[in-house]
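Here the chain labels run A, B, C, D, E, F, G and H in written order, and each chain numbers its own residues starting at 1.
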Amino acid sequence: MIVKVLEERCKGCGLCIEFCPKKVLVFSERRNQQGYKIVALAFPEKCNQCGICYLMCPEVVFVKEDSFEK
Amino acid sequence: MIVKVLEERCKGCGLCIEFCPKKVLVFSERRNQQGYKIVALAFPEKCNQCGICYLMCPEVVFVKEDSFEK
Amino acid sequence: MSRIMKKKSMKYEIIFSGFGGQGVLFVGNLIALAGMYQGFNVSFLPVYGPEMRGGTCHCTVLLSDKEIASPLVYEPGYLVIFNLPSFLKFIPRLKRGGLALVNKDLVKVEEIEHYETLCANKKILWLPLNTWAEAIGMPLALNLCALGALNKLLGLFPEEILIKALREMLGKEKLPLLEANLKAYRKGFEEVEAYESSLTKS
Amino acid sequence: MSRIMKKKSMKYEIIFSGFGGQGVLFVGNLIALAGMYQGFNVSFLPVYGPEMRGGTCHCTVLLSDKEIASPLVYEPGYLVIFNLPSFLKFIPRLKRGGLALVNKDLVKVEEIEHYETLCANKKILWLPLNTWAEAIGMPLALNLCALGALNKLLGLFPEEILIKALREMLGKEKLPLLEANLKAYRKGFEEVEAYESSLTKS
Amino acid sequence: MSQLFRFPQSLKKTLFHYCPGCHHSLIHRLLCEVIDELGIREKTVGIASIGCSCFLYFYIDVDIVEAPHGRACSAATGIKRARPDLLVFTYQGDGDFAAIGLGDSLHSASRGEKFTVLMINNTLYGMTGGQVSPTTPLCQKTTTTPLGRDPQVHGYPMKIAEMLGNFEGVALSARVAVNNPKRVLSAKEVLKKAFLYQREAKGFTYVEFLSACPVNWKMDPLSATKYVDKLTEIFPLGTFKDIG
Amino acid sequence: MSQLFRFPQSLKKTLFHYCPGCHHSLIHRLLCEVIDELGIREKTVGIASIGCSCFLYFYIDVDIVEAPHGRACSAATGIKRARPDLLVFTYQGDGDFAAIGLGDSLHSASRGEKFTVLMINNTLYGMTGGQVSPTTPLCQKTTTTPLGRDPQVHGYPMKIAEMLGNFEGVALSARVAVNNPKRVLSAKEVLKKAFLYQREAKGFTYVEFLSACPVNWKMDPLSATKYVDKLTEIFPLGTFKDIG
Amino acid sequence: MRNKRVLVKGVEAVALGALEGGCECYFGYPITPQNEIPEIMSVELPPRGGVFLQAESETSAINMVLGASAVGTRVMTSSSSPGISLMSEGFSYLIALELPCVIVNVMRGGPGLGGIEASQGDYFQAVKAPGHGDGKFLVFAPYSCQEAYELTAKAFELADKYRNPVMILSDAILGQMKEPLELKPLKIKKISKEGWALTGAKNRPARVIRSLFLDSAELAKRNLTLLRKYQKMEREIRFEKMAEGGEKVLVVAFGSMARICKEAVLNLRAKGYEVGFFRPITLFPYPKKALAELVSSQKIKKIIVFELNCGQMVEDVALSLKGMGKLISKSYPPSVIPFPEDLEREIKKCLNSSDFPRV
Amino acid sequence: MRNKRVLVKGVEAVALGALEGGCECYFGYPITPQNEIPEIMSVELPPRGGVFLQAESETSAINMVLGASAVGTRVMTSSSSPGISLMSEGFSYLIALELPCVIVNVMRGGPGLGGIEASQGDYFQAVKAPGHGDGKFLVFAPYSCQEAYELTAKAFELADKYRNPVMILSDAILGQMKEPLELKPLKIKKISKEGWALTGAKNRPARVIRSLFLDSAELAKRNLTLLRKYQKMEREIRFEKMAEGGEKVLVVAFGSMARICKEAVLNLRAKGYEVGFFRPITLFPYPKKALAELVSSQKIKKIIVFELNCGQMVEDVALSLKGMGKLISKSYPPSVIPFPEDLEREIKKCLNSSDFPRV
């Protein structure tokens, strides 16, 4: 995946994991400063860039770097 | 007509006159204490007791005596 | 203090009172407006009765050559009375020596208890306002008849001023009624004129 | 005056502070309830942080043998601190000579600037609360571990009283959690007991 | 028809304060006839609202409380919840029910409160001198729509009876008129049904009366009564819900 | 689809205060995407209402004013009347729009006020701890319906989008959800249409979002998102009015 | 050139003053005795490019005001007692959001629906608690049509100056009486709102107008700022006094009641009684200093407060005097309005003959 | 037998007190920080045959109260600042209609939406102008859970006794803190409403409950009757004092603030400072006489008023004292709450060392 995972935004709701059609995503063991388990790409190679994770994430965690740094 | 005309209640709106199917009613020249021209039965003999004057009068002017004196 | 009291100020306190439909507020407003055009300080205070529709109403009009503080006055110098309830309510409040114009068509001396005491030290002028108004074919214009009479007596403003005020009050829509109102005004004016000259003559 | 000061009154002022999910308000409420059962006058004042959800929160618990006026206290005698922000906020307010139980798993001395000045004249007891809680398989029960430790140190009430209060707090629905909570309480209690006796021994 | 020429028992003898040709008083009479015929005078509580009919209690001989402008349905809710055994009605204008009171009114309907509303729709605010109301027809001039109601400025007339027809809690929603004898009779039947449904705790019962306001319509009483026919083109008469 | 993986320009970078799995923030993002795509950020004014989303202004990077609870539509009316050239939206909960605000909301709709409402229907009062709201489904337990919503006591759930469909002043009334990717995309299209209609001054535009509140539904985020499917049985998705 | 003189009601003077003050938008809900205001506005505003909208309730009206104010327009509403109560949440928000607007309350006699005749029963509500939570606004009490016209116009300027609502508190006497009004052009300042109004975030960061502050320190700071603003408003204090020396009794009254009192006082003075007169024109902030100075400098012994309510302004007079002089409260529960003659009698009763010989 | 002791929040104590006071109906709309009251009522009332209904707004809630009260039930509502503002029209009607009910205001920090921490910013609104038009009601300010329980229960009796609403004015500290409550049965009188309640006109003439009086004399008479009723309520005045002799400084405070003050005063007294304490429990009618007597009889020189607002109750203290002593106002704009330690410091600052030597 070419996008940045804004880990600090993640609240560990799991919606992205559930809806990812390629089962790319999993919870990592790491926690962010908010105390939530952070999502990670377990199988980045399987990702087809469909954007569903972006669509379903309530916290806008998956973004193109340049769009966030603007 | 066997009913009493409660003249003091009349406000001279003319609805009874308009709707009386037998054209029994007219405005008299008398005025009541409220200052309104009072309705009168010009042709009582033509009245068929249909009750339409009672139905249409907003002031409940046409009533059986005993019902008002109750 | 003495300075203030020396200069006799010109102040007319008038209450108009009658039924809702008798044009009480219209005539009160009219005289206030004419008074303003004439250069008086004026105030007009309408009071509606407790009933929303119909009922009696009255208004207080003040004309003065000084600043008017209170628009309310308990003891007016003048009364214009259109009906019996108004007579009973306001005559007791009329100033000693004050003048009341009373509509003799609707107020009958016979119907008034203690008439003498009620009106002691007060001038009552009985005017057949309804009759006058009907005589000129304008049964509703008794208010203007009363105004004519009043102005003849007090000489508040000339007729031009009244016409100006009347024009303003009637507005564009009701301007056609100007002549009729004027006629009523003149009727009252002339009747009193005739009456006065009859007094002078006799 | 002298009369009042002679009788040493028994009064415990305790502030519990941590993240929203650390059971801060639960344990504060629990100790207040147990305190009441033990016969103390008590008060429990929760303060939610500015955030609606999550964020830090703290509560003030007072146990006293006299009437409690203010439920608020600026300088508590005791602190139970679950995380770093709480440490930084409340240590400065701890009374001279006061005691703070601090969760050493989330508060690292290295991260604290001016640690020495901050804690001068204050007793800090570092407890690995998360570790204890995880050790007994109840990672969320660090609040009860802390309570066990605190009660061992202060001897506020016997375990029966705590059980009674815990029962009441858990209610019917959550009663199955009683044993687990108790286990955590005992863990804290026993760890401090062991630590104290280790002190005595050495 | 036994009621013909009978001065209703539950109507006080006080003279009405309404303008000549106003339908408010006619509707008062119908209400009293219904109360008499159902024999419920002694267990009825009415709520007077703020509008031309605010003096309701001078005319209708049942226990009555005044509610603030627009709050009659909430007051009725309080009464009916506290004393479900009482029969409760509100008597409200279109401004009271549908302008300031819309929230209270629709929520009561939605909750299916078991009282009866008489809504007197004269398409404007009678009491305060004829301002635009939610039910004023397009183009109608009022004292606050001097050029006539323009939908782009003052919006569209609300059709309350129809709207209530879609509410689950509503047992009866109807619009009636009293501008001819037949309509008077059927208005009364609908109103009676409303009270019957209330007695059976079927739900919210609503009867809207198209009502003439000659003074603010600037018409004589006869023309105003006739004009109600015209209003039925915008506000059709009928029953929009009847759970039977 | 150009928006995929683009952090919307009009979304501030502040972390959301919402609970995990709450749909509020997802809807915020959609709103920002629409604002960006239409290029209207610099002439948009938003109205934040009182509810979980009261901090809207910390997230959406447009001019925003807070309105008292339930009054967002009235505030929006004031803004749009004073400055018809601005694009105006309100962001309201079901409690805000349909409980305390029902009167304000429906009158704005009836007048055909030319702004856009985002109504976030999570079927209860999130901010105050999960009390019953006008849209709570029957039988649902809330903190003030401890035995579940009983229609005889708390009335029936209100179907706002359907109700607004019957209003003449309404240009668009639709109900959408964001609990799966397809719905997210179509919700966005509907919202965009609403803003387009507003720009063309077509009338009142209303988009209702069925929205998960895991905390007060006492569900984990995933179950809550799934449960929205169940809600669509009571609150069907669709467009109830579209004047095209 | 002489200005146009017209004979108008007080409520018409208010409407004309609003137009002179640059009012662009009006939102309101009908209620007697002030319906002439919306009626005039519905005729006058649209042709000037302004906005008139009859709201469906007072709560919505005040929130439409809130919206229009937030985008920088000069906006007003008007109502009467029960309607004002319904707006009180809105007032509190407007104050908190620092949004300017003009509010007219033509009081009726309460409580409840009460009656439509003159009353001053909403004094406390206006000056002490227009809403919840410590909010305040400037309150003007005109006592003539001319003053109603001028103060209403000025109110728009002051609202903008302080970014706060301003209330015109009137009653049915002033509201319904007619007297000449000189339609003089007033120099009402336009005050730029570019620094804060919501107009779309073009070439500047987005703006937020809000009242929610969950951080208690932030909220306290904000409340302090507001408090200081109220204190600054003391610059706007206005009053009228008539006491050049030697008066032993001072009559205090506001609004219509002050007119009736003034008549009585003038009559008494003409008769040689040593009676002074004080009329606050701003009711908030109250002219406490001016009143106290007058009483202390003139060594006034008795102060009589006349009001058309159950006794409200007398408290502000007491707070001003702090125990100076003998304070007498003469309250007329609404809505029986005393005549000047009645007041003369009352004032004379208070004149202890030994203290106050007739000269 | 000992009464049950429970550890409850202030708002729970209020709800329990209401049940003890015979509350039959509750209508309200959620708002923080008092949501526990409706939540408890929704659980407790229906099984007792009572009525719980969550209204769609505060305006409708207060009018449901109006309806239920008119038919003679004991009824209550509760809310917080913005919601209370929305009810103010309703309050005025309830007062005018002489309908009893109990109203709870757990104040938040305003104006506007403000914050949810403790504040006393609605003091003026509660005691001076709960609505338009001169209306007043009894206002109780409990300062402990026990008092909240007992006063709320008593409020139902007093509401019925005076046929007037009664307000319980509280704040988030008392509302959210927990302390032991002794659930003692209180002897709350049932007062017959047969003489006025609307129950259907059976065997008696129909009754009317109204507030509209277009005849001004009738309205004035009615207002006088109400005024006399408020005066009668002075019988219910309650206060707490601590000043047995020799105190030179008196601290005055109510509600939660009084608790914090009391702690400070007790500490200072323990240290030998001559500081007294006065806590009004009824805020309306205000214990003016008691306060004035205390100050004059003890020759107290300084009076310090502490409040969690921008300075409100201090006016009632000033009105009580009429210039006696030196009055010092210490106001804490919401919502920064001072600690007892802060107050001790403030009080000491006021102690002029020469006047008040440390003993």
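Following the convention adopted for this analysis, a residue touches a chain if its C-beta (ideal position, glycine included) is under 8 Å from a C-beta of that chain, and two chains touch if they have at least 3 such contacts.
Just so we're clear, the structure is a prediction, and the values are computed from it rather than from any experiment.
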Chain E and chain A - chains in contact with each: F
Farthest chain (mean CA position) relative to chain E: D
Leader among chain pairs (count of C-beta contacts): G-H
Inter-chain centre distance, chain F versus chain G - centres from mean C-alpha coordinates, in Å: 40
Mean-CA-position distance for chain D and chain B (Å): 88
Length of the line joining the C-alpha centres of chain A and chain H, rounded to whole Å: 53
Intercentroid distance (Cα basis), chain F paired with chain D, Å: 43
Residue numbers of chain B (touch at least two other chains): 34
Numbers and ranges of chain F residues touching at least 2 other chains: 18-19, 50, 54, 66, 68, 99-100, 102-104, 107, 127, 134, 154
Multi-partner residues of chain H (each touching 2 or more other chains): 53, 56-57, 59, 82, 89, 93, 97, 112-113, 117, 210-212, 214-216, 337
Chain E-facing residues of chain B, complex: 3, 8-9, 11-15, 18-19, 34, 36, 51-52, 54-60, 62-64, 67-68, 70
Complex interface listing, chain F residues touching chain A: 1, 4-9, 11, 13, 15-16, 18-26, 29, 180-181, 184-185, 214, 220-222, 225
Chain H to chain E touching residues, read off their complex: 24-25, 27, 51, 53, 55-57, 59-61, 63-73, 75, 89-90, 93, 97, 198-203, 206-212
In the complex, chain E residues that touch chain F: 99-104, 106-107, 110-112, 134, 151-152, 154-156, 158, 162-163, 166-169
Residues on chain E engaged by chain H in the complex (per definition of touch): 41-45, 47-48, 50, 54-55, 57, 60-68, 71, 74-83, 86, 103-104, 107
